[in-house]
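A, B, C, D and E are the chain letters, set down in written order, and residue numbers restart from 1 in every chain.
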Amino acid sequence: MDQLIYAIEVVLNGLMTGVMYALVALGFVLIFKASGVFNYAQGVLALFAAMTLVGIQQGQVPFAHMINATFGTHLETFGWSVPSFLAILLTAVVMVLLAFLIEKLVLQHLVGQEPIILFMATIGLAYFLEGLGDVMWGADIKRLDVGLPQGISDSIEIATDKWFGYGFFIDRLDIWATAIAALLVAALVAFAQYTKQGRAMRAVADDHQAALSVGISLRFIWVMVWSIAGFVALVAGIMWGTKSGVQFSLSLIALKALPVLMLGGFTSIPGAIVGGLIIGVGEKLFEFLIGPMIGGATENWFAYVLALIFLVFRPQGLFGERIIERV
Amino acid sequence: MFYREAGDFKTSYRSDGQTFPIKLDRWGYYAVLVVAFGIIPFIINDYWASAVLVPFLIYAIAALGLNILTGYAGQVSLGTGGFMAVGAYAVYKLMTAFPDVSIVIHIVLAGGVTAIVGMLFGLPSLRIKGFYLAVATLAAQFFLVWLFNKVPWFYNYSASGQINSPERTVLGWAVTGPATSAPAKYLICLCFAFVLAWVARNLTRGMLGRKWMAIRDMDIAAEIIGVNPLTAKLSAFAISSFFIGIAGALLFSVYLGAAEVGEAFGINKSFLVLFMIIIGGLGSIFGSFAGAAFMVLLPVMLKNLLVGSLGWPTDLSAHFELMIVGALIVFFLIVEPHGLARLWALTKEKLRLWPFPH
Amino acid sequence: MLDSPDQENLLEVNNIEVIYNHVILVLKGVSLSVPKGGITALLGGNGAGKTTTLKAISNLLASERGEVTKGSILYHGKPISDANPAALVKTGVIQVMEGRHCFEHLTVEENLLTGAYTRSDGSAAIKRDLEMVYDYFPRLRERRKSQAGYTSGGEQQMVAMGRALMSRPETILLDEPSMGLAPQLVEQIFEIVKAVNEGEGVTFLLAEQNTNVALRYAHYGYILENGRVVMDGPAASLRENPDVKEFYLGMSDEGRKSFRDVRSYRRRKRWLA
Amino acid sequence: DLVVPNLSYRTGAYGANGTQYADGFNDYFALLNERDGGIGGEIIQVPECETAYNTEKGIECYEETKDTGALVYNPLSTGITYQLIPKVSVDKKVLYTPGYGRTSAKNGKVFEWVFNAPANYWDGASVAIKYLLDENGGDLSGKKIALVYHNSAYGKEPIRTLEGLAEKHGYELSLVPVDAPGQEQKSQWLQIRRDKPDYVIMYGWGVMNQAAIQEASNIRFPMENFIGIWWSGSEVDVLPVGDKANGYKALTFNGVGMDYPIYDDIKTYLLDADKASQGGEHVGSALYSRGMYAAVVISEAIRTAQELSGVSAITAEQLRDGFENLEITPERLSEIGLPDFGPEIKMSCDNHGGSGMARLQQWDATAKQWNLITEFTEPDQDILAPLVEEDSAAYAKESGITPRDC
Amino acid sequence: MTQEQAQEGFTTADGRKIGGVLMDMRDITLRFGGVEAIKKISFDIRQGEIRAIIGPNGAGKSSMLNVISGFYNPQEGEVWFKGYRRGPMKPYEVARLGIARTFQNIALFDGMTVLDNIMTGRLNKMSSGIVKQAIWWGAAEREENENREQVEKIIDFLEIQNIRKTPVGRLPYGLKKRVELARALAAEPQLLLLDEPMAGMNVEEKEDMSRFILDVNDEFGTTIALIEHDMGVVMDISDRVVVMDYGRKIGDGTPHEVRNNKEVIDAYLGVAHD
């Protein structure tokens, strides 16, 4: 009986963790949908966004370390601190700028290349941004606080204690993440499906040349999509940064988003959420039920294996577009 | 004008099928072999062996392997690190279980073991394609690393889970273990790289290679003209893994000497080797070597430049190194998406026309 | 059939050279002028460079690693080689690409709507044009909700044409509109071209292999071989030219040759350019 | 000149930790050079080489520096250490791995060139249990202790020790592995919440530390009952968690804070003269102090070697003798300007690991500083000594080494 | 149909001998989800003939070819080949039976040279194992060269010697079609399926292509089924024609019969062609 109640708690937490993964996966989906680019840099984008946010919030001097090393100065901060809301806004602007630069310097020159080449380019981009983030804001671990609540939710604990005789642990941050993710997904789905730009975005994903030929500006679409993806990365960065600090490993959550992506389908926005939920529950439940028998720490690979099993039955993921096979 | 094929007539299909049909290329190739086997072993020192040449050769083997799978057969894999780990752990178990058998045999067997594992993880490729498959191969990566970390049998129950390669000799020369000299390390890797490159070349120029390329270019059409996708894909996985397994075995036994799976064979390895083949050129033997050379040399050179010559603090230069490597990768892809090999071929094509274009 | 109604040259291509991949020289000095409101045909064998010419005009070469290395392209007297393809569509030049290039995952209707991407004259007008396209191609109306990737070759060709019409262009560059279409439909497509040309004053530059039909509908024709223009003239006069008759229309002096009979004798006479 | 390369890492997943340690290491030698003109008249050169915590880069750095007259290596990475152990025995270089690396290297009979004083992973585990024994009046029977560990060679080290001690003291041990990098630990902490262990011991590194402390605070696990190994006890681990990290404890084998006379010199000679590594950003932090401590031990060994051999420009072999005869008394530490900064060290030919003493520190979130809360405590050598003996014998057998007579 | 019936044949107008039934499609129905692409169609292909399939766009012609080459499995109906009923088969198994084809949207292997593309046609004629190929010298090389000789014959036949070493991606459309034909021929098929082999060609090139098709039929005795929209070509070179319209068969017979079929004219030709 206890086991069952525990399992329920594990499932609930799995769902919420899944939402956190989905936040990262969403960025991947957007870019893939719009350009057929598998953007490996999405994780680093989240890290970069979070670093920038903290940097702006705390009034850090960008490139301080480099300037100090070259000129022997002692710059560190401007000595002011920016309110969270404004800082988020400014960071969003930086992300748009970044999207613009990425299009200008990278994507534009790779129109029409094979997907794997574009994928590689985004890995190059990931390296670059990782280095740039460190040079700009320093490699130390930063604390991110934009006022999101964190820690166990008392009301749920008390309520469940009353019902089950065991108080469930639900993190308040996760509840927030769920709400925000739901909002994001709804907005993005509406955008992709029902607007002209959304349709253009899907057209670009199918055939760059044809899109060009009907007058869709790849440049505009890409800047737009990368900006949105940058914003999604910022949201993911805020959530994960609040959870475990802003530092290099933040970029590695991309690896947790990949199975989500695979399971949900690379091109489906709702897929990212459903995939996230399945992966979250799956890995947590497996760790809870089977983990103890085989030594634990199974989550990293189990997520992938779970996604793999789904794929064998649906090679395009649960909600991915059917892979068109014709001759 | 200096580089031309005119006057190089072929009188048989056999001579038309040779690896370097142009005379100048052939001489260049012989020259490289002479330098590699005849000169470098006498002048190599520990630094060059450990920092540059040995990793270059080992990664070249891994890149050849991945290139067979990704470049020739079109199946993108991110499981390279995991498969290298299989090679490493296989050779470790073999070395410690049968100390009297030659290490060369162990390394080849380790490749064989990896081939079997590779085939197993290649099975989903029959259904799953493209990036879905690439991500799916990460399952192999993570699972294998977890397995080697978790099951003490693989690391002979050592307290920390590290594996150490004991000393083994070939023809009386130590090739593994601390006492190995730089030339010995270099030569054993060179021999493996040479033979494997030759095997790769043979496999890719014949029927098997064509089957792979057909699957890569258009799998449905390939199936309709008579390629059995099952055997084509699985053979690509097997042979690719064989190469990668050998690279993993060499990496552990000859180069590192000790390894911990998550650290030495993590996902970064998978990406590194993928980089090599893309920068070098997908579907090109030469490209595998060029890419490996590029990715091994670049950081060393950058480091020497930034820290050694410019005297920057190491952290700044490490960050800049990341930025430069990233930027260079993007730059190369923009200049020539088909890699160094294609760049080289284009240069030759231009040279042929030079100095009279068109 | 018709003389070009109006002599103002809308589009002028002056002596352009195109190189692919920095090494493959494909166009070796092509010059064309396309009169406003006319239908101009670009004829020539495989690999003659028709597609390349059209892509050079619509600036789509960059994504295939090709570039125009010499010469100039003027539209309304202004050079357009630097405009990006999207801007070009806004100025009124749209290309229907060879090999259809539909957006596979979009439905037929969504494909058509992307054609209207650059328009800003409101959804009512777009809706009207959508109906117009459906009237031209009733088959598309039936399949409006199917994914374009699963429609047949001919249906895809109709989608591509319809999509171009949706942008309300001034000039359409048509690359092999008849390829893979049933004979009835070929006629139909050219009838539509004619109707659009006459009714809406749209200028056409079309590359065609089907010389027979093309010369029946076009006002003026250029024949391209091996990257050079080897002959040009009003369509009517081209149709009477004996070389054109033999090589492009498949007629010998005695009338149409049977495909069964040409088999045994080798004939190949090339214009020496 | 004497060359002591600093194989550091300032980028990558562990860069934030590596930076501080490397600064401390650099600064102490810089101080000796500036203030005393080096050691025994020899300037100490500390060429830095970035390893990014990557074993291959570690080898590259080693090979790059080894022919420049390098005496001793301190790579701050267990992986690189394992790689270097066989190499240093051939190249005859000293490998000094305080508080990390291969535990059984304590046995100088087998590991002639490796030193890991003052304490190793097993010592740490034992000292933690000792502390818990003291807290519980010497009796841990029936208590539940969970080990949250980095699922790698490093994290697995203490398992055997804790199991041995569990038998002896009757507590119940549960193992909770966390895969690298470890920023997602929900499963682990839900399990801990369900199992309600009395104490949690953590062997973590990098982001895993903060994530664990954060999750612990989320489930309201009492911080006082949460003890990290010394690699889980730096400012970067607790600062991101904020106030809720208050009371968290960690082991350490070096002093913390800036209340030592040496900092006056560091200020005069380095900070004011703008010679501090990285501009002195991290002076006084826990990892900085540990890096500095490693430099102290190395410089003392150099001094000893100079005395023994009578030459100032010592070789690596002489430095090894210096290490084997090294004695750092409390008096000596005070002389250096670091009173009570580390345990007493006395090494010998067969003991390369010192006494294994360590102490506990506790985080004060309001003051944002660590406070020492115990004296140096000795580990339970009854349990540890046989383990060291066993493990080093296995290594000797595997590598064909005949242990030296000492 | 019995074995004997399958052996019967007839003689065409220009005196060529057409053999018994080689391929027999019986009541084939093919559905994609709700779309019925082929509705209960039956027809046969006889040994040595050139059989044309025509019909408006979307009629299901390509789908029919896909059924024959095993890429689609029909929901209903039977496929008989050489007097045996063929169960559901993988495409590569069908290829081994001696059926080769070309594709409507060219399906060449873009990354390979013309020569390599054509060599893939001989896949099923080559058998040396992995080890032999890895060593190359000896068996594998010999086999390669033998097959190369056969391929060179086809290259000569189709007059594409000068582009042997060119990557196919760079070729113009018409040549690609020719290379595709070469690849199909390299397999030495009994039945050759051509899906719009002359689309996108001008008259001159169509003449060339027609000549190749007729020569193949003549010299190798290969049975050919082809889809084509150019009625001139169809009328001139085919022996019998099947007409499809939205999945149904609306006509079957000699070119002459078909051309004068009212239904065919309405559905497909528009005006009667001369």
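The working rule: a contact is a pair of C-beta atoms (placed from the backbone, for glycine too) under 8 Å apart; a residue touches a chain by one contact, two chains touch by 3 or more.
This one's a predicted model, so the numbers in the text were calculated from it and none came from an experiment.
Shared contact partners of chain C and chain D, listed by label, are A, B.
Most remote chain with respect to chain A, judged by CA-atom centres, is E. Counting C-beta pairs in contact, the pair that comes out ahead of the other among A-C and A-B is A-B.
Per-chain CA centroids place chain B at a distance of 42 Å from chain E. Each chain gets one centre point, the mean of its Cα atoms, and the points for chain A and chain D are 36 Å apart. Chain centres here are Cα means. That of chain D falls 75 Å from that of chain E.
Taking each chain's centre as the average of its CA atoms, chain B and chain C sit 47 Å apart. The set of chain B residues touching two or more other chains comprises 146, 220-221, 224, 313, 315, 319, 322. Multi-chain contact residues, meaning those touching two or more other chains, occur in chain C at positions 150. Taken residue by residue, chain A touches two or more other chains at 65, 134, 139, 295, 297, 300, 326-327, whereas all remaining positions touch fewer.
Residues 111-112, 196, 199-200, 202-203, 205-220, 267, 321-322, 324, 326 of chain A touch chain C in their complex. For chain E in complex with chain B, the residues that touch the partner chain are 69-71, 90-92, 94-96, 100-101, 103, 107-112, 116, 119-121, 123-124, 126, 128, 130, 133-136, 140-141, 143-145, 148-149, 152, 183-184, 187. The touching residues of chain C, when paired with chain B in their complex, are 21-23, 25.
Taken in their complex, chain D has these residues touching chain A: 10-13, 15-16, 19, 151, 175-179, 181-184, 186-187, 190-191, 193-194, 206-207, 210-211, 214, 217-220, 236, 239-242, 244, 274, 278-279.
Residues of chain B that touch chain C in their complex: 346, 349-350, 353, 358.
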